[in-house]
Structure formats: C-alpha cells, structure tokens
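Multiple structures follow.
You will see two complexes here that share chain A, one where it goes with chain B and one where it goes with chain C.
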Partner chain A sequence: MHYLLLLKHELAATLAIVVLLVARLGRNRETSFYIHLGYLLLLLHVFVSLFPSPEGQLFAGLFVNSPLLGLQKSFLAFGLLLIALTADRWLRQHEYVPEVFLLMISSLLGLFLLISSGSLLMFYLALELATLPIAALCNFDLRRQQSSEAATKMILSSAFSSAILSFGISLLYGSTGSLRFPDIAQRLSGSDPLHVIALVLLFSGFAFKLSVVPFHLWTADVYQGSPVPVTTYLSVVSKGAIVFIFCTALFQVFAPLQSFGRLLLIITAVATLLIGNLFALRQENLKRFLAFSSIAQVGFILVALSGGTKEAVSAAVYFVLVYLFSNVGAFAVVGIVSAATGKETITELRGLYHSNRLLSWVLALSLFSLAGIPPTAGFFGKFFLLMAGAHSSQYALIAFAALNMVVALFYYLRVVRAIFLEPPFEGVQSLNLSTAERLALALSVAGILISGIYSGAYEAIAALI
Partner chain B sequence: MNLNLLIWVPLLTTAVVVLWGKGQRAAMLATVGSVVQLGLALLLYLAYTAERSIHANVPFLFEYRAVWYKPLNITYHLGVDGISVAMVLLTAFVVLAGVLMSWNITHQPREFHALLTLLGAGAYGVFLSVDTFTLFFFLELAVIPKYLLIGIWGSGQKEYCARKLVLMLMLGSALVLVGLLGVFFSAGHTFSLSAVSATGVPLKLQQWLFPLLFLGFGIFTAIFPFHTWVPDGHSAAPTAGSMFLAGISMKLGGYGCLRTVTHLMPEAAVQYAPLIIILGCIAIVYGSLATMMQTDLKYLNAYSSISHCGFVVLGIGLLTQTARNGAVLQMVSHGLMTALFFAVIGLIYERTHTRTIRDMGGLIQVMPFVMTVLFMAGMCSLGLPGLSGFVAEVTVFVGGWEREELLPRVAVVLACSSIVLTAVYIVRAIGQVAMGPLLGRVDQVPVGWAERLAVLLLLSGILLMGLWPEWLMQLVDMPAPALETHLSRIEN
Partner chain C sequence: MDVLKFLLIIGTGLFFIGAFGFLTRRNILTMLIAVELMLNGAALNLLAFNRYLWPDRLDGLFLALFIIAIAAAEAAVFIAIVLRLYRNMRTVDVERVSELKQ
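Coming up: the complex of A and B.
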C-alpha cells in the first residue's frame, strides 16, 4: 500500500498510457469515444490526488516523494485535465485524438518523475521523457507549416539545453563523485570554481526550459506555432513542473552556493522582467503575446526565489497554481475562438464582447489576474512573490518588479480594450460552448476568484514546506 | 456594529445586479443596495458616537479581526475612528447619488451598475481597514471598475483617458506596495496599523519609505506633478463615474496619507512637512490658475478638484490637529461638492449636448432647477459661508496659523489667495452658462425624480455640513489616542 501511494501519480499515468495504447491498437472508434476516454483517464489522475502522498523514496533514492511533491503533481494533473477540457473543440476536429492524449500523458509522466527525482540521472531522463512528446505535439496542427516549424525549434532548443545540462551534470559528477542530490549538496562548496561553473550550466539549462532571458528566444515562435492546447501545456504544466524542480535544485542541491545563485537570480530576474514586458507591448498575435507575458511572469518568480527563504518556495508554488488558473482561462478563450474561426490576433478579436460576452469576461478576468489586480488570485500571487523577494531587503529589485507590474497592466489592458471597447471585427460570430468548455471556463474562473480570497490553498502549500 | 456589513452589502448588491439585473431592473437593485448602504452608514455614525462616549481611549472601535493568511501574518482587520466614519458617510451619500443619476443608462445597465457598486465596495473597504494589507487590497480592487466604466460608458477620448487614469493610479499603487513591504519588514513583520505604530519604523528607513508611500497615495489625490490623470479621466467618465472618481476615489489618497503615511512615520512626516506644504500650495494655486483657462465644464471641475485636493495635502502637511481636521473636512466637503457639480454637468449636457462653456448661455430661463443647483455648488466651491467648503477651508487656515514658522504662514496666505482665483472662474463660468441671452439649442427634458433626489441628497449634505459643522467637527476631532501619540511624538 505504501508503494502504491508513493507512486500513485506515476502509476495512474502508466495505466492511462496502457489503456490508450490498447484502445488505439484495437478497432477504430469515433473521435468522441477517444475524447471521453481521455477525459476519464485525466479525471483518474485528479481522483488519485485525493489520496495522501507519503514521505519516502524508492530505487535507492532515485525517486523521492513527499506530501509537497504529491501536491505539486496534483496541480499538474489538474492543469492537464483543465487544458484537455478547454481543447474540446480542437480535439473534435482532430484526426489523431488518442495520440494527443497518449503524448500528453507521457509527457506528464515525465514531469511527475522529474519533480520526484532524487538524483541527476533520474532528473535528466525524466526531463527528456517530458520534453520529447511535447516536441511531437507541437507539430500536431498537421496542415500548418508554422506548427512543424515550432516543433523543429522546440526539439533543437531542448537538445541544446539538454547538452548544457548534461555538461553541468558531468562536471558535478566529476567533482563530487555522486549523482544523488543529498550527496552533492553535502560535497559542494562555494569556493570551488568547478562547482560554480556547474551551477551556471545547470542554471542555464533550467533557464532554457523556463524561458528566462537570455534563453527565451525559442518561446515566442514555439508558442505561436503550436496548437493552442499544446501552448497552454507548455506554458502552464511544463513550466510549472520546471519551477518546482528548480526550487528543489536551488534550495536543496545548491544550498551551499546560495549567495552566488542569488546573484544569478537577481540578474536574470531583471533581464526577464524587462525583456518579457517590453516585447509583450508590441505583440499582435495573442499566443505570442501570452508567450512574452509568461516570460515576464517567470521574472516575478525569480524575484521571489532571490529572496532565498522558504516563503519564496511557498510563494512560487502558490503562484504556479494561480498562474495555472489564469493562464488556462486566457488560453481557453484564445483556443476556443481560434479553433472555431481560425482567428488569433488582437485585431481579429476586436469587439469580441459584442458577440461573445461570457468568453470576453473570462478572458478579461484571466488577464486581470495575470496583471495582479484584486480580487483575482493573481493579486495575492504577485503580492506574495514580491513579499518573498523583499525578505532580504532588496527593495530596489522589488521596486523594479512593482514598476513592471504597471507596464504589464498596460499591455493586458490593450487586449481588454480591444475586446470591450472597440467596434466588432467581422467574422467572429456568437459561439456555442460545449459542456466541456463551459466546465473548463467555470473551473478556471472559480480558481481565479476563490484561490486568492480563500487562503486555504496557500496555507496548504505553506504547511508542507 | 459589525463593519463587515458595509463591505458585504455592496458586494452582495454587485452579485445580485449581475445575477438578476436584467435591463432596467439593474438600476432599481443598485438603488436598493445603496439605500441600505446609506442606512448602514448612518447607523454606523450613531453607533460610533454612542460607543465613543463610553470608550474614549481606544484607537479604533468595532474592530473585526480575522486571520487571513496565517503563515504570512496577514490579517483581515477592520475598525473605525472618527475619520473613517466621516469618509464612510461621504461614500454612502455619493454612491446613492451616483446610482440615482444613472437610472437613464440604457447601454448595458447590468454591467454598469455592477461595476459602479463594486467601485463603491472598494472605497468602503479602504475606509474601514485598519491593516495595510487589507487597505491595499481594497485600494486596488477599484482598478477594473474604473477602467471599464470610463472605457465603455465614457465619452470623448475615453480609451486613452481610461488607460492613462488606470496606469497612473497603478503607478501609485506600485509605490505604495513597495512602501508597505518596507514597513512590513522593518516593523516586526506585521501589516497591522496599531502594531506598526507601536513598534515604530526605524528612522533610517523612514527616510525613503515616507516619500515612497506619500507619493504613492499622493498620486491618488492628484498631487502635483502627478495630477494629469484627473482632468482626462474625469472628463471622459460617465456622470456617475466622474462623481465616484472625484467624490470618492480621490479621497482614497488623502485618507491613505493620513491613515498610513503620517500616522506610521511621524518623524519623517516632520522632516518632509515643508515639502508637503509646498506641494499642497502648488496644487492649490496652480490648480486654480489652470481652471481659469478651461473652456469645458468637466475640465473646469476636474482642475478645480486638483486645487481643492491641494487643501487636503496642505492640511496633512501642516501637522497640527486642527489642520488635520480641516483636511478631513475638506475631503468630505469636496467629495459632496464635486459629486454635485458633476451631476449637474451631466444634467446640463443631456440637454445642451455640449460641455463647452462658451456655447452655453441663459440656461436659467429653461432649466431653473439645474442652474440653481449649479449656483449652489459653485458657491460651495468658492467657499461661501453657510456651505461646506467654507468650513473646511477655514479650518485648514486656522490650523496652519497655529504654526508660528514662516513657511506655514506663507502657505496659508497663498492658499487664501486662491479663494479669489476660485471666485473668478466660478463666477465667470456660472455667469456665462446661466445668465444672458439663451444660446444654442436646448432640449426641454424634465429633470427626473431620481436625478432630483440625487442632487437634493448631495445638496442637503453640503448644507448640513455648512450650517451645522459641529457634529462633523466633533466626529473627526474625537480624541483618537493613536493620533495624540503621533502629535506628541512630533512635539518631542
């Protein structure tokens, strides 16, 4: 029973993969059968999350689990379910639905293992497992050239970042003689230049995955080219998992190098906030726009982590949850409109409010949450991040981040203005929403409104750290 | 009395309007909600005066405290002193008047009234908070309603103006945020006002936290040179939006300055007082000079608001108890007066379809009621005894004269001189609009009962305060120990 609980998320994912494979290899069925099967399997993940995750490790410390990690995995599983629900319209038009679910859940399994990794070997393998299916998924708008371009960019950039990561890993292994996190943490010292180089390399690898400036160049193109559900997955679930393992790496493995790590964090935070916000100002395509906004959001997480306290970790984990609801809400609207009409630029969404009131309000609420305006959860998320960052009295950095919130509000308002205040753009008719879509929108709105004002979510996280 | 009622009723009204406010029913539901709010506010006044006579030495009454985010030591903490009660009363008056003025909104009334009530809820929240996090939360709550109200229902360059207003206020909030975090970490990891003022903020930190917070809140109250959002925002907003913005939202800044900035950092307040006095004087004089150049009625009132809010800043900067009372009185007086002004401008615009002063004339022949009210509002603005403006401004002057240094005295003289300037632009504008031969085409639309009620409500507030200021003076002046220690700290 203990093993079952330890591996509950991973087992559920494996089971889902097996079921999907069997269903795919059996006789061909209608698309809607596969869609419902997919929802059911994802629901299983959420159901599994209800059981407690015990503290423990397996396979000689390769795999570790704890209540906190279990909670993080539950966030990811829930996020994927939300994304699948929002993708309803896109899935119904798609010819390879079981493959979509298969690849998504495989990648999710990779992320589960990534979060739970207790050694660099596991970390590296899980990361690859998480990334490769996504690269394939990026190409799943099979008739759009941009989609295959996105896949190519994704695979090349992840290969590049993997190379950097493995170089860093090899340096660490060479100098400490171990791949296990606790051993490495024990043997690291701030004075050894080899360790500092290893930290820089690993940091760069993470920076690639998190699209931290200056390693963000792939983000906008991949986000724009990929199908919207895949973009959502990349920006919410995948990025969330990387933030989680990044916290572990920073605060557990590289704890002895903390002062140098903080320097890296501060520099990249400033760069990320600045570049992300400046580039978001001028974007026309909504997916590109959300790509740069998500880069800027990571900047805020870096600000918090540079505070270097355990409040920073709880603020970051909480922010990932809030960001999940907000970003899924925003992408859901973009995805629904894009799947129904093929339109995904700000200009084409002008006057959406006149034809689709519900979608407009959801998008506006999500964007205000991303901008950090109360009563949305985004306000609390941002506030706690800045609060965690202020722990070490780096007020200049906090002031810089706070000013960036003003810039961010400027470009989020651009979209809100287009939707609400401008005359309608022809061609976007009133859309009928399916039950799945309604459910997804309702869940993200509920998340945006409740997870902030009701403090339970944050307290649950903080209690585990 | 449970202060939560004053937060829940507006929020509940918003929810009810969203759920059931189809068509014209939205205005009705919103009105019912605002009447309840006004009732609660009056009840609060009565309960407060009764309770205060028993507990004279408690800083805040009717405190409600609930742990919000335990790991971060964040609490949801409400409480009132005399200043808050005065501001709550003002809010309730303006909210009801604003809602009554909006019965004729035909474009998406449901959304309009929901956003309007939400804006009111934010203001109540700020005035009732005695915890800086709670205060900041409610301060920011108003961002979405402000933007959408101006952007959707506004006129003229509404998009530009809405964006400018929201971004400048957000800049203020960003400064406030950094300042509050600074206070949090320097004064024992707490957001609670009483806890922070008991510990005190280290002097070295006050040096830079004070200007940060003061400027942040100052932007809300249109401190020079961050006043530019006022004319644009107020002129583009719909009538009720302008009433709310000028009547309530601008007061959030002054209130924030009093409640958090000078209260938590009295030492720095002494140090920066000359600067505040100078900024206040610039706002007063520059504001009224700029008003003289305006040709649009809404711009006229918006610039005169900058001038009048300068008195609030001046009153805070003078640092005496009387001047502080004057600042609070000015907030209440200006809130009522400017809301009345905007309501009247809305009524005029509906009939003349222009706001340009030069294109109007002789309107008293066709709309005697509206013009009489305009006259009253104008007289209040230039400080005619018997109306609220006089009471407030004189209190500031007297408070300023209590200080014997040169700067406060010069400031008072300068501020007094602005009354002449005010008279110039008010008399000139009213003369052009009301007197003389009838100019232009004027629609003969009777003033509806809701609008009459709104105007009379605000007018009665102005008269009540002008003819019998004693009750408000007493309310504001009631010995609040927190302020006494603040003042004694200054003297030492």
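Coming up: the complex of A and C.
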C-alpha cells in the first residue's frame, strides 16, 4: 500500500500510457473516441492526486517522494488536463490523436520522475524522457513548415543543453564520487574551482530548459511555430516542473555554494527581466508575445530564489500554480481562435470583444493576472516572490523587478486595449464553444480568482516545506 | 603522464570540439554529430573517473551506459524530425530554416 501511494502519480501515468497503446494498436476508431479516452485518463490522474503522498524513498534513494513533491505533481497533472480540454478544437481536426496523448503523458511521466529524482542518474534519464516527446510534439502540425522548424530548433537546443548538463554531471561525479544528491551536498565545498565549474555547467543546462537569458534564443521560435496546446504545455507544465527541480537542486544539492549561486541568480534575473520585457513590447504575434512574457515571468522566480530562504520555495511553488491558471487561460483563447480561424496576431484579433465576449473577458482576466493587477491571483504571486527575494537585502534588485512590473503592465494592457477598444479587423466570426472548451475556460478563471482571493492556498503550500 | 589525466584531456577535448562544431556548423546532421561528440566526451569522463578515482562503486559506469542509450534515442527522434523538415522545406541548412520571424 505504501508503495502504491508513493508511486501513485507515476503508476497512473504508466497505466494511461499502456491503455492508450492498447487502444491505438487495436482496431481503428473515431477521433472522438480517442479524445474522450484521453480526457478520462487525465481525469483519473487528477483523481489519483486526491490521495495524500507520504514521505519516503524507493530504489536505494533513486526515487524520493514527500507531500510537497506530491502536491507539485498534482499541479502538473491538473495542468495537463486543462491543456487537453482547451485543445479540444485542435484535436478534433487532427488525425493522430492517440499519439498526441501518448507523447504528452510520456513527457508528464518524465516530469514526475524528474521532480522525484534523488540521484543525478535518475535526473538525467527523467529529463530526457520529459524533453524528447515534447520535441516530437512540436512537429505535430505535420504539414506546416513552421511546425517542422520549431521542432528542429527545440531538439537542437535541448540536445545541446543536455550535453552541457551531462558534462557538468561528469565533473560533479569526479569530484564527489557519488551521484546521489545527499552525498554530493555533503562533499561539495565553496572553494573548489571544479565544483564552481560544475555549478555553472548545470546552471546553464537548467537555464536552457527554463529559457533564462542568455539561453533563451530558441524560445520565441519554438513557441510560435508549435501547435498552441504544445506551446501551452511547454510554457506551463514543463517549465513548472523544471522550476521545482531547480529549487531542489539549488537549496539541497548546491547549498554549500550558495553565495556563488546567488551571484549567478542575480545576474541572470536582471538580464531575463530586461530582455523578456523589452522584446515583449514589440511583438505582433500573440504566441511570440506570450513567449517573451513567460521569459520575463521566469525572471521574477529567479529574483525570489536569489533570496535563498525556505520562503523562496513556497513562493515559487505558489507562483507556478497561479501562472498555470493565468497562462492556460490566455493560451486557451489564442488556441481556440487560432484553431478556428488561423488568426494569431494582435492586429487580427482587434475588436474581438464585438464578436466573442466570453473569450475576450477570459483573455483580459488572464492578462491582468499575468501583469499582477490586485484582485487576481497574479498580484499575490508576484508579491510573495518579491518578498522572498527581499530576504537577501538586495533592495536594488527588488526595485528593478518592481519597475519591470510597470513596463509589463504597459504591454499586457496594449493587448487588452486592442481587443476591447479598437475597431474590428476583418471580424473574427462569433465562435461556438464546445463543452470541453467552456469547462477549461471556467476552471482557469475560477483558478485565477480563487487562488487570489482565498489566502489559504499559499499557507497550505508553505506548511509543507 | 598518468592515464587518468590523459583520458580526461581526451574527454574534455571531445566535449569542446563538439561544442565548437555545434556552434559553427550549419548543416543539421553535422550538428547532430557534434552533439554526439559532446555526449561521448562526458561519458568518457565518467568512465575515467569511475575507474581511477572511485573504483569501488559503479555509478559512473552506469550513467555512461545510460548516456549512450539516450544518445541513440535522441538521434532517432532527431532524424525523424529532420526527415519531416526536409519534406516540408527541401533543406537541412539551419540558416535557411527561418520561416519564423527573427
């Protein structure tokens, strides 16, 4: 029983993969059958999340689990369900639906193992299991050139970053003689140059996956070229999981190198905020715009982590939850409009309010939350992040981040203004929303409002750390 | 010169030759080969460390084995994507793969 509870998320994902494989290899069925099967499996996943995760480890410390890690995995499982619901329209037009679900759930399994990894061996394997299916997914608008291009850029950058990571791991192994996180943490010292180099290499591997400046160059192209559900998955689920394991790596494994780690965090946080915001200002394509906005959001997480306290972890986990709802909401609207009409630029969405009121309100609320305007959850997310960052007394950094929030407000409101106030462009016709799409929009709006108004969410997370 | 140093120089050399190749070559398949060089450099490092510094446990050996296996999986996905790219765009030159706005 203990084993079942410890491995519940992984077992649910494996079960989903097996069921989908059997369904795919059996006789051919209609697309809608596969879509409903996929929703059912993801729902099962969310149901499994309701059971509590015990503290414990398996396989000689390769796999560790705790209530906090279980909660993080539940966020990811819920996020994937939301994304699948928003993708309804796109999936109905697609001919390879079971493969889409298979690849997404394989990647999710990789992310679960990544969060739970207790050794660099497991970490490396899980990271590859998480990224390779995403690269294939980027290619899933099979006949669009842009989709091929996005997949190529994705696999090139992820292969390069995993090569850098594995070299960093080899140096770490050479100087400490172990791959297990607790052993490594014990034997690291802040004065050994080899350890510093290993930290820099691992940090740049993470920076690639998190699209932290200067390793962000692939982000905009991949986000723009991929199908919208895949972009959502990349920016919400995959990025969230990597933030979680990044916290573990910084606070548990590299704790002895904290002062140097803080320096790296501060430098990259400033660069990430600056570049993300400056480029987001001049984007015309909405997916590209959200790509740069997500780069800037990661900058805020880095600011919090540079604080170096336990509160940084709880603030980051809470922010990922809030960011999940807000970003899924924004991408859902972009995805629905894009799947129905092929329109993706801000100019083409001008005056969306006149034809699609519900979609416009959801998009506006999500953008408000991303910008951090008070009644929405985004405000509290940013507030806790900056509070956590202030623990290291780097007040200049906090002021810089707060200034960036003002700049961000400008470009988020530019989109809202285009949708509500400007005269319609070619008129996107009024769209009929399916039940799945309505459900997804309702859940993300509820998430944005409830996690902002109800203060228990942050306290519940903080209590687990 | 002892064997460990010699192996580490080769491993690090492979890694940086690979990195240089990745950043300068523009043919996607050559870039794949460059990444494989980088991974092999890391695997060689792990093996050398395991054999000469920590011979009592086999952590490094296992990770090296897994790196080889993963490199194969990565190459499979990579080549599938490149085939698709070639069918769509008739090129494997990264400079010419730039439909998306720069």
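The rule is short, and it goes like this: the second predicted complex is superposed on the first by the 464 of 465 C-alpha atoms of A that agree within 3 Å, B and C clash if a C-alpha of one lies under 4 Å from a C-alpha of the other, contacts with A are read in each partner's own complex, and residues count from 1 in each chain.
In the analysis below, a contact is a pair of C-beta atoms (placed from the backbone, for glycine too) under 8 Å apart; a residue touches a chain by one contact, two chains touch by 3 or more.
Given the structure is predicted, the values throughout are model-derived calculations rather than measurements.
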Contacts of A:Gly70 with chain B and chain C, given as first, second, both or neither: neither
First (chain B), second (chain C), both or neither touched by A:Gly335: neither
First, second, both or neither for A:Gly307, with chain B first and chain C second: neither
Partner chain(s) touched by A:Pro98 [first = chain B, second = chain C, both, neither]: neither
Touched partner set for A:Ala402, first chain B, second chain C, both or neither: first
First, second, both or neither for A:Leu421, with chain B first and chain C second: first
Touched partner set for A:Ala136, first chain B, second chain C, both or neither: second
Chain B versus chain C as contact partner of A:Pro256, first or second or both or neither: neither
Chain C partner contacts - residues on chain A that touch it in the complex: 120-121, 124-125, 128, 132, 135-136, 139, 142-146, 148-152, 155-156, 159-160, 162-164, 166-167, 169-171, 173-174, 177-179, 220-221, 224-225, 285, 288
Chain A contact footprint on chain B (complex, rising order): 68-72, 133, 137-138, 140-141, 143-144, 147-148, 151-152, 158-159, 163, 166-167, 170-171, 174-175, 177-178, 181-182, 184-185
In the complex with chain A, residue positions of chain C that touch it: 11, 15, 18-19, 22, 28, 31-32, 35, 38-39, 41-43, 45-46, 49-50, 53-54, 57, 59-60, 62-63, 66-67, 70, 73-74, 77-78, 80-82, 84-85, 88-89, 94, 97-101
Partner chain B, residues of chain A touching it in the complex: 311, 314, 364, 368, 373-375, 379-380, 383-384, 386-387, 390-391, 393, 395, 398-399, 402-403, 405-406, 409-410, 413, 416-417, 420-421, 455, 458-459, 462-463
